[in-house]
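Handing you this structure, nothing more for now.
In order of appearance the chains are A, B, C, D and E, and numbering begins at 1 in each one.
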Amino acid sequence: MDSSDWQAVTLTLQLGGYTTLILLVIATPLAWWLARQRSWLSAPVQAIVALPLVLPPTVLGFYLLIWLGPEGFVGATLESLGLQHLAFSFEGILIGSILYSLPFAVQPLTESFRQISQGQLDVAATLGAGWWRRFWTIVVPSCQGGFLIAATLSFAHTLGEFGVILMLGGSIPGETQVLSVLIYDHAEAMNYQAAENLSLGLLLFSFVVLMAVYTWQKRPTGGARYVAR
Amino acid sequence: AELTIAAASSYRPLLNHLAQQFEQRQQHQVRFVFGSSGKLATQIIRGAPFDLIFSANMAYLKALSDNDLLAGEVVTDGYGQLVLWSKSEAQLTAETDLVKLLQQQRVAIAQPKHAPFGQAAKGYLEQQHIYHQIQPNLVYSENVAQAVHMVHSGAADFGFVALSVIPLEQQSETRMYRIALENEALLRQAHAVLKSAKDKNLANEFSRFVQRQEFDEVKRHYGIEPERVKN
Amino acid sequence: MLHVDIELQRGDFRLQLAHQFAAHKVTAIFGPSGCGKSTLLRSIAGLEPGLRGTVCWQNNIWHAQERIVKTEQRGIALVFQQPHLFTTKTVEANLRYGMPRASVLKACAMQFEDIIELLSLQPFMQRKPAQLSGGQQQRVAIARALLSQPQLLLLDEPMNGLDQAAKSQIMADLKRIQQRFALPILLVSHHVDEVVQLADEVVIMREGKLLSTGTLQQQVGQLSLHDEGPLSVLSISPGDNNQKDGLLAWQLGQQTLWLPTTGLPANSDSKRLLVWARDVSLATGPLKNTSLNNQVRAQIVGFERAQHDAEMVVELAVGEQQLRALVTKASIERLNLRAGYCVYAAFKAAALH
Amino acid sequence: MLHVDIELQRGDFRLQLAHQFAAHKVTAIFGPSGCGKSTLLRSIAGLEPGLRGTVCWQNNIWHAQERIVKTEQRGIALVFQQPHLFTTKTVEANLRYGMPRASVLKACAMQFEDIIELLSLQPFMQRKPAQLSGGQQQRVAIARALLSQPQLLLLDEPMNGLDQAAKSQIMADLKRIQQRFALPILLVSHHVDEVVQLADEVVIMREGKLLSTGTLQQQVGQLSLHDEGPLSVLSISPGDNNQKDGLLAWQLGQQTLWLPTTGLPANSDSKRLLVWARDVSLATGPLKNTSLNNQVRAQIVGFERAQHDAEMVVELAVGEQQLRALVTKASIERLNLRAGYCVYAAFKAAALH
Amino acid sequence: MDSSDWQAVTLTLQLGGYTTLILLVIATPLAWWLARQRSWLSAPVQAIVALPLVLPPTVLGFYLLIWLGPEGFVGATLESLGLQHLAFSFEGILIGSILYSLPFAVQPLTESFRQISQGQLDVAATLGAGWWRRFWTIVVPSCQGGFLIAATLSFAHTLGEFGVILMLGGSIPGETQVLSVLIYDHAEAMNYQAAENLSLGLLLFSFVVLMAVYTWQKRPTGGARYVAR
């Protein structure tokens, strides 16, 4: 592995980490709203969240490139504010990844929130716990599984995704060239050995991370089995 | 009968035109699988049911030939034309100072690791000793077609692309600059009939068809120079 | 003082009642299954969306059109009909959930160790709720509510699933705590004995509405309508504090009763004596040679139909107070009992509170 | 006939008991919270993984080392401590879930309409469980179990959350159904009145082990240890069927008792009379001029300590049977009661079953 | 839209439909096992299921191409049995899609199964319901949300995914050229109008399908809100 490989690794981890983090922050309130509010808007919003998935990543990347680029709606607005447009930047691929993995975070969380015991929330309220405390002490532990799925699916999907990132990011080493793009480049150049080495590394790393997460989750949470008595 | 042809993206406009002619005259169907040369070569090695391959990169054709997958000779169709394409009017000439021009600009280039036009562009910049100045401005795409997208979308200001993939109506000389390469062989465009071809006769027929003299003008029109260009 | 004037619609069911609950007292809410008891408690707690009307607590508006105080800011605790323990937390974490910070806790009514002790939770502190039996879960729920040091305690059938021994113990201690800190409690219960033991006031509900309200003594007749049969509650005051053979003298008006001493704090307050009508027998003169040592002179006020055709409820006046006796019609004939006559009523007290 | 010889470990708790439950009878399982009652029922139902030992039902092995019959093939129904209604289904779908096909149902013990009626579920048939009150949910759970036409019915505190009227009604009908179809029932309950009203046999548990077993009459002493105080159960047989003023004559050995008629089927079987010791008063001679019309001659057999120091439990023999009276020590002194003496015991029956 | 477009549409729907169906069939028992068995194998299996995600799709496609192709382990075995190898065939891209979308089906289902009320299952068993009946009458209705997420995520992801399919299937019109590949191809050919039309059609269609599914799901299931009483 040379230095550009290491750069790609760091960048990938950053992208995966930020994407997952930001997704959780965005998806949580959205999922909460979807799960707990019975508005006519829920179904369309849920559908729209899933839509980026159905487009081929490069095509999605192309449209994002247009919107976030200097001539696009978002990019132009940013530039008129004296800021940079987002094409070919880390911020840009971050936005792309977030958009593209959004449903993997929103959907499991929504379902998780739907299953919460209203009884426990009510009790917590009578015990003086405000919204935040209820959220951290009741919702988060009960929905641990949902958060975990949201996080691991988003993270894994961000690691592997490259169509959007390649198009939107331009694969600039150290800025937007993530590992998946690098592996793709190696494979495309029939540089199979290099591709395989990187792939194996990525797989191994991901396996270790996922294993750790799932093993940690397996800690008995009280054995649902026996609540029946 | 039907021909399935694997072709590099830089061949797309030309082959579409030629196939139309072929179909009209021969009453045969031609279908294309366009992709990057590397991907296509990999697929052929793994048993893809293609009849011919048109490649923009001789290395891949050599790999196929090494694997004993070619049924005949490698036939050169011509040479690709590398151009620097601008998103807006630019009045580029040989005298233009590229370093100055490309300063603070985004320049799209096909990934030199595997895309021949990218390789060619990189080679050109190196040969001009300006690669280092320009490198920070480069953004990389999967292939030349995507490099065109990047320019087209307005996100990249310039792109090193193949003339053949620039839409005809946008090939105004004011927006592009043809780059004369030291070694055009780098962009040699060639095809070969594959061992896996179901109907070798038909495949050979198509191979001969595209070699006809009458299509030289067409080739040139679509950005592939059948003859060596002498400056 | 809790003032409630609310309306709530759930499908066909409509809760609509206005009542002023006494401060510092235990109010029992009594009524058949499905009459809206739980819904009332939940409404007071602020847990029922779509509630209309007003809920006021000691001059604070908790719920009104323009203003709704959040549940968590009402300083209440509610023991629900199901324990609803926090499944991901240990018993100890459940208990500490609602507890004020340690610094504040010092001055608090209910100390952690005392409550653990009272509900015998010591062995389970590190278990998860799923590893507890039904009754154990219920006890944790009660302890958790008490430890949050509520200003107002709402109990929805809190003794369900508890065995008799635990229940008596907890009720006695609850009463003690209640009296010491003048903690207002609303208690939903289907058990007359729980109501009688704990309640000062009784609210009887029927199909979402108030049927009647009043002190326990006033409401005793209503409670009687329930299956356990008619009963009476007599107020007695401590006598000259003569203790003899483990019996204590109490004044019932002018007359003296001898009752076994109890663990209740022997302050000078008057106590309540619960007497089931079926435990009262009537005689035309004082009975000798019998172990019935509490015989009081009473005057027959009237008769009421009893549940069984062969029996009658005899209403008696003992001084100012009312006593009910359930006797057979045959006995009434045999003894020639008529309104206005004086008789001797003998009984054993079912409970002293 | 249900034979159980099992062992089960859950953390510190160990269930270990062997017992042969009577066929066609109601066995009450009684014991303090956390002693393993629910775990026992669940073990019999085949719901506890890791169970060791044997469970046999009428010559079928349900659980043994080599062979475990699945819960769903045991033909049982279990009413759990919590209603556990199927949340996604309507009440009607819940009720029909365990019902046999209509063709089979005709010949069945429990008809759909009867059970709906018994548990007053008509108004809720199309509701979802979440729209029911606690007591209503509990009633649906009971009905659902009955409608599955079990060969063996396991009831885990089934009357929790029911009001007194519903409870009496359901218990009476349950008893009727049980007797008509000789349905074996295991009943877990903390309420002595439920046990006494329904049970033929009593199993008392303590910390996962059997403490004692026997018929209700034999076990009455043990039940007494619980808070409601000592009691006795007397067997009485129908007398010469003399009915007078709504009272019916019953034979208690040689003596006659007059009791209000009841709704119980007047078959010639003997019935059980439940008498709380605190309801029994003793006199040295027959009392006149009192409404106490059931006075039986009895011989003092001995004395037992009572819960309260001022009182004693007097053990009496009435013919062959045992009766307990709770009287104050003062009365014992005053009346000079000694073992061997004959006295008159007066009481009002608490319940006739 | 010409006939090749229509062919692609049919093919895409078939691929999406079959993938979703087969995924549900495979994922359900797997998720059940993961949710209900506390084996040391659970964490590694869960991690492995998620692994295909972290590879760039074309690279995954490349490896699948090797394994399923005539010289690969699977393909060679098939050929030795007188069957066809799986590269460049509909069956091949079906396998690729299934593998690639597996985590989206397995994970939400696992979490859903974890939340099931053991009490209700126990009651159902005592009422004589065998495993199958319990599954269909208790598990499926309670996990409706989980199944729906599994199905919609898998379906949407299969519609949009093209890296694996392109590599493994070779984009042969009428055989393996699905809509996403076609859109990609149009875009690549700078046939932006065609790409946009197809994309819009795909988005619209997906939106309608997803809307329908989520609206149907919104039917009140009993208002968890009030179970607390």
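Going forward, contacts are C-beta pairs under 8 Å (C-beta built on N, C-alpha and C of every residue); 3 or more make two chains touch, one makes a residue touch a chain.
Chain labels with UniProt names: A, E = Molybdenum transport system permease; C, D = Molybdenum ABC transporter ATP-binding protein.
Keep in mind it's a predicted model, so treat the numbers as computed, not measured.
Enquirer: Considering only chains that satisfy the touch condition with chain C, which of them also satisfy it with chain E?
Expert: Per touch definition, common to chain C and chain E: A, D.
Enquirer: Where each step is a move between two chains that touch, what is the least number of such steps from chain B to chain D?
Expert: 2
Enquirer: Among the chains here, which has the CA centroid at the largest distance from chain A's centroid?
Expert: Max centre-to-centre separation from chain A belongs to D.
Enquirer: Could you put a whole-Å number on the gap between the CA centroids of chain A and chain D?
Expert: Roughly 59 Å separates the two chain centres.
Enquirer: How many angstrom between the C-alpha centroids of chain C and chain B?
Expert: One centre to the other, that is 91 Å.
Enquirer: Between chain D and chain E, what is the gap in Å from one C-alpha centre to the other?
Expert: It comes to 56 Å between the two C-alpha centres.
Enquirer: Please compute the C-alpha centroid of chain B, do the same for chain E, then give the distance between them in whole Å.
Expert: Each chain reduced to its C-alpha mean, chain B and chain E end up 36 Å apart.
Enquirer: Which chain A residues reach two or more other chains?
Expert: If we look for residues of chain A contacting two or more partner chains, we find 58, 62, 117, 119, 122, 184, 187-188, 224-229.
Enquirer: Which positions in chain B touch two or more other chains at once?
Expert: As it turns out, chain B has residues touching two or more other chains at 39, 42, 146, 149.
Enquirer: For chain D, which residues are shared contacts with two or more other chains?
Expert: Residues 10, 38-39, 42, 47, 80-82, 84, 131, 133-134.
Enquirer: Across the complex, what residues on chain B touch chain A?
Expert: Those in contact with chain A are residues 36, 38-39, 41-42, 60, 63, 106, 108, 111, 113-114, 138-142, 146, 149-150, 153-156.
Enquirer: With touch defined as at the start, can you tell me which chain A residues reach chain C in the complex?
Expert: It is residues 117, 119-120, 122-130, 137-138, 141-142, 144, 221-227, 229 of chain A that touch chain C.
Enquirer: Hey, which residues of chain A end up touching chain B in the complex?
Expert: Touch list, chain A to chain B: 58, 62, 65-66, 68-72, 75, 85, 87-88, 166-167, 169-172, 176-177, 184-191.
Enquirer: Once bound in the complex, which stretches of chain C touch chain A?
Expert: 42, 45-47, 70-73, 75-78, 80, 82, 84-89, 97-98, 128-131, 133-134, 141, 144-145, 148, 154
Enquirer: List the residues on chain D that touch chain C in their complex, please.
Expert: It is residues 10-12, 31-34, 37-39, 81-82, 123, 127, 131-136, 139, 156-157, 160-168, 190-192, 226-228, 244-247, 258, 260-261, 278-279, 281-285, 287, 289-293, 308-311, 325-335, 346, 348, 350 of chain D that touch chain C.
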